[in-house]
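Okay, so chain A shows up in both of these, paired with chain B first and chain C after.
Take a look at the complex of A and B:
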């Protein structure tokens, strides 16, 4: 841990303090000297499909391969050897131990392209981008593809723990007698399968139930959540209509737009939905299917490179990956909400780069639930949270809502867990490139993604 | 990978009837019953010989001598006189010095005597001059007579053999590079489904020695509607001939487009060609990624068939917008760009419906006949900088689209041409790849039908 450069007050010695992890911008610059840039060339994803829909019978490998092939076609990379490909899935079959490598082998990329799987819940795609960018910055690789995929439709179903123990014992048995004895242990309850859930192992609560508690804690109204959901649908639909996604999305299995998108939704329609999470809160239950993301299938991929690699191939350069940061919260003991880690990661990341919220031109805050985005913004605007939890002199700050998720986000597009990071990075990189300069400096964008286990990964991109 | 294999597989297969009558019992039966006997056509591959067998060159004069010499340079087995019973791969009749219809008889009767000795998939090519209103009537009569000869002989030939003609503009010698590029096209398997047609050599053409193996090496080509069918075949064929291909199609066809682009190591550009700046977007992509743009193939097209009596706005306007208005707008952008200046090529896909008309396709025929008009009027604009613009008009081509036609209708449509079978997407692609060649520099404003000499239209 870096020595604090300024004295810290008592309340800021908490483990989530901004200042305990902060290094001054000057030190950062000197540390980075000799480290090259990692740039975003572009991205590709397949349209996201509500689970049980268009991709019901597609595996994670099918979808990730399709996302890679679309990326290869967009940038003419057939037979090209990429430095490294990293991707992952949150809901993963045990047979997919080498999912990303298998997808690479099935794609048009050179078979000599190395690949590895990684997994950090919903932040998988973000961590892939940040990790690979760092490798590029260090000169270990010149090019990389970061991706993610998830299928809630083709989720693995395991046998019960009881049956699993019996089957393993059976495998070890030597005589028929032993085998018969072991088989006789099977009880009807052992035969019910064990399906994956979004429940937190340590609390038993689903992600939605957790968020419902946080939403109530920050007193986020139903109307505010519905408005955010509506804006997400309207913005995403508008972006499709002006062909914004022509070079970001490649159709798959008959789908050319995200199937969750409801461009014609209205506040009235959203208001008519019954709460699905936090029902124990009675009249204070605000979270509906309309302001929560549905289970979704999909895949995304982002092409990263060094300047030299991109230039040598006459590839576009959309943005730099400036910096990234992860944080985690102690949601188990109720200190913070499950999905509130970005509220801590963002202040640390901005401080390290000598930036404030005012220096950001686009905010991409992943809409796991409308309540997540609004709780995060509320925390940043809260004086007490700023002083006691972030160790600041006051509230962290507020953002100009016209800069938030301007081309829609997960409430409209859907959220195939590991694929969301790639969607956000590619979308923001294109927006920043189109924006170009702001006040004589490159346009900047911030991405914030919350994840299961009380985690969050955030990053800053800068226009090229 | 699966998609690619499927497409490649479909490309290799002859229709079931052709397979049935090509050998054994089926062949015997068809012969006895007088049924159509289509054969599996000889198609181009870079390794295959230009012509399978000796080439008989008929005609007297400098033109025929020059053509013979050139064929020898191409390592062909050339005959100036037929040897009875010797099987021939091709007959080239050089008629560039015709002054009177009476002069036709010697050459034509020599050709007639040799017809029985033609091999399967043989070629007959005439080389003559265009008949002009300014010609002496006898000269014009002789020259135009060749038109009737080629179209009739094409109908007489059997077993995959075709007859086509090269028409020389005034002052162009028979062995001019432009004429020879056309001759090579007609002799080769590239012209498998081109029958009873003419190509006009309007100027001398490129002087440098062409690379016949990789004629498009180093060129950058754009193909619209490249995700499937004929467009995908065009993209593959241009890539095979050495071009780097930018495959363009509507975003909704992006998955098929990506498969094609990856297969040929090109790039996929998801773009609706009816967007107002489509031409500029194509130029920007080509210049940014490859630093040049040489060949544009306007292939994208739609049908919205309806009898004119039942036609509505949407059906009429969308066909015009996609099939012709978009091409006009994109061409304006290309012609205005300094990057699309020298030796550029535009090739548009027209249709036999645009020539002969088709019931229920007044909108489609308007757009495709429009393409032909556009091509002729664009030629002079491109000629200044050495560019050419041509159109290819496919007849019945076996695609996913024609596979949906009811069986009986399809069977009839397929046989209504001199080759008694449907063409394949590759046949259209080969004609386009020919127009794209540097050697074809003197061939412009042509509309080449790839229809197996369909019985309707010219």
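Take a look at the complex of A and C:
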């Protein structure tokens, strides 16, 4: 650890000097720039469903509208004009170019609420929260809803590239002769449809295969992955059992809990599963369907606001959105693992805010795979990674595992790509609010989400 | 109406249509003298639930998000087999096939969830003369299964064209036609020839006049026509955008929407100064001939 571990408050952060390459601590935190705070009022999501399950006939628009309407009902926002709504989906039909605006129009919000779609793979929800928070901080808007949705069940399937080219040419043809000539170009292979895949375009490897390489690189054991998966299920089930999600989740289509949740799972059951990724690694193959997230359908939404807006409506204020950071890694030729960008984003974000891992009370590290979380933690604990890759004097540090994903995470809840950010932000905001103060300062939480394309988006929230 | 025939299960619409065709043939053969009174009994089915998959398809066809709350138009489709059972009773005085939908009025008193177990009751009332035949109203009610709360009530007015029953008064003179001047449309629907088949698939209403040119011609139509309830449901999908707990709507059908069609639509919203929705009026006409198709109102109640 290279930074002080004393409690940090807004003025105290001025005094810090952090020996990292980003040595201007807190130079850009919102308070110092004289901008106002962006607060989290609350969130709502529908239970997440394994693909092909309860939501298999639901569209992204159905689910996003349901998440929005649940949020509207929870906070009395019917006919309210919100500053802006931003959401997105990773698997998206081309007809859904205005998915978020259409969901707003179908929701109980005022039709005069502007909306836009955004997409940053699995970090979509996080980027929506950070981008809208920044607009609130700058005073451009007073309220916002950040969301995300994904359906692996109702995924878009396109015509083949060959057929697409032929159909477009056909549309441009003028005479019957031209048309007949173009139609004669169609071959049987053109008729097979083109379904989306989780493969990285530049490597041809699926996300699971990429992570299998990273998991092996950081020597993460099968047992450690299974233990993390089991903890995720146990923690999520316990949180449901003590009604923690009652004001975060609205039942939909007969589902009131995430359908992937297996509260009665055991290490023995998890150990019995065969590896599904990295099978070329032979005995070193450790990633199973139990310690990887399944394809999932679901949607989430988070209500953000300025203090004044929330107070004027007598709405709760759970947490501040303190700061956010994106990072990307050069994964294409294997310099870093595909999902390792948060390992770089978190040190930068903490340094900028004059914080260390010890100043964080809750860690929400998205469990794309158990191996992703454990590889990230291993990199942070690795001296060489700290010095050569992060530019620190030693290892970045380790975290108290009792602070990690304490109410479960994606391995148990499932991972509808763009909806995960909203789930994490609303869950953490509520946890921080319940925790209140720690050592005389507001409780702090860190969210880390990895994304396709070698990207990652991380953020710090602070209790109110 | 308290006296009711209780059916043990939801009647099949396709069987009802076959029965209707058979009884039409029978009455032609026997030339039995028609009765001029309505059957005194209601028909009732208990323990009905909406089919979630059909509700989802219905909502998507109308262009609205599929919700756990069942669309008002779908409830009409859900109650329709019971309403039809009223009209295929042996002592029902009008032929079911070829009847024309004139008007609908619905009170949607409380949200109905797809999980709700329901009681559906329907009966006929107000058999009256009409300048071009005989009209009748079919009342359909949807209650909670224990019958303690009325959730939805629809009154459909149908016309049996060319059927004149002895002793029924007819209006003395046809209502004077007012020249219809189309306003500026706020929306336009392009309805393909498959519109009737698509609605039949989600609603179960396979009335031959909606399915194809041939089946429509067999019943005296020059082409197939869109279901009136398709039009009503499609308007209701977006009007109002946010449904209050209870609301009412009514729709009058002026002329059939022959398929394919381009329908021009005007919707006028009425709101309080605070932006709270009060009511909406809608009007639809043929974009090419400027002939009025249908009009109606949706209001918070």
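One rule holds in what follows: the second predicted complex is superposed on the first by the 435 of 464 C-alpha atoms of A that agree within 3 Å, B and C clash if a C-alpha of one lies under 4 Å from a C-alpha of the other, contacts with A are read in each partner's own complex, and residues count from 1 in each chain.
The definition used in the following text is that a residue touches a chain if its C-beta (ideal position, glycine included) is under 8 Å from a C-beta of that chain, and two chains touch if they have at least 3 such contacts.
Given the structure is predicted, the values throughout are model-derived calculations rather than measurements.
Visitor: Once the two structures are overlaid on chain A, check if chain B and chain C clash or fit side by side.
Guide: In the arrangement built by aligning on chain A, the partners chain C and chain B clash.
Visitor: Output check: A:316 vs chain B and chain C. Expected answer is one of first, second, both, neither. What do you get?
Guide: A:316 contacts chain B only, not chain C.
Visitor: Have a look at where A:296 lands relative to chain B and chain C in the superposition and call it first, second, both or neither.
Guide: In the superposition, A:296 contacts neither chain B nor chain C.
Visitor: Applying the touch criterion given at the start, work out whether A:78 contacts chain B, chain C, both or neither, answering first, second, both or neither.
Guide: A:78 contacts both chain B and chain C.
Visitor: State whether A:66 touches chain B only (first), chain C only (second), both chains, or neither.
Guide: A:66: touches chain B and chain C.
Visitor: Regarding the shared-chain residue A:111, is it in contact with chain B (first), chain C (second), both, or neither?
Guide: Touch status of A:111: second partner only.
Visitor: Does the superposition put A:57 against chain B (first), chain C (second), both, or neither?
Guide: Touch partner of A:57: chain C, not chain B.
Visitor: Quick one: which of 5-13, 113-121 or 239-247 on chain B sits on top of chain C after the fit?
Guide: For chain B, the listed stretch overlapping chain C after superposition is 5-13.
Visitor: Common interface residues of chain A with chain B and chain C?
Guide: The answer is residues 66, 69, 78-79, 106, 108, 251-253 of chain A.
Visitor: Over in the complex, which chain A residues touch chain B? Could you list them?
Guide: Where chain A meets chain B, its residues are 66, 69-70, 72-76, 78-79, 106, 108, 243, 245-247, 249-253, 256, 314-316.
Visitor: Applying the document's contact rule, which stretches of chain C touch chain A when the two form their complex?
Guide: Listed in rising order, the residues of chain C that touch chain A are 52-53, 56-57, 59-60, 64-68, 114-115, 241-242, 274-277.
Visitor: Using the touch definition from the top, list the residues of chain A that touch chain C in their complex.
Guide: Touch residues, chain A against chain C: 57-59, 61-62, 65-66, 69, 78-79, 103, 105-111, 251-254.
Visitor: Help me check something: in the complex, which residues belonging to chain B touch chain A?
Guide: Against chain A, the touching part of chain B is residues 1, 247, 251-255, 257-259, 261-268, 270-272, 275, 288-291.
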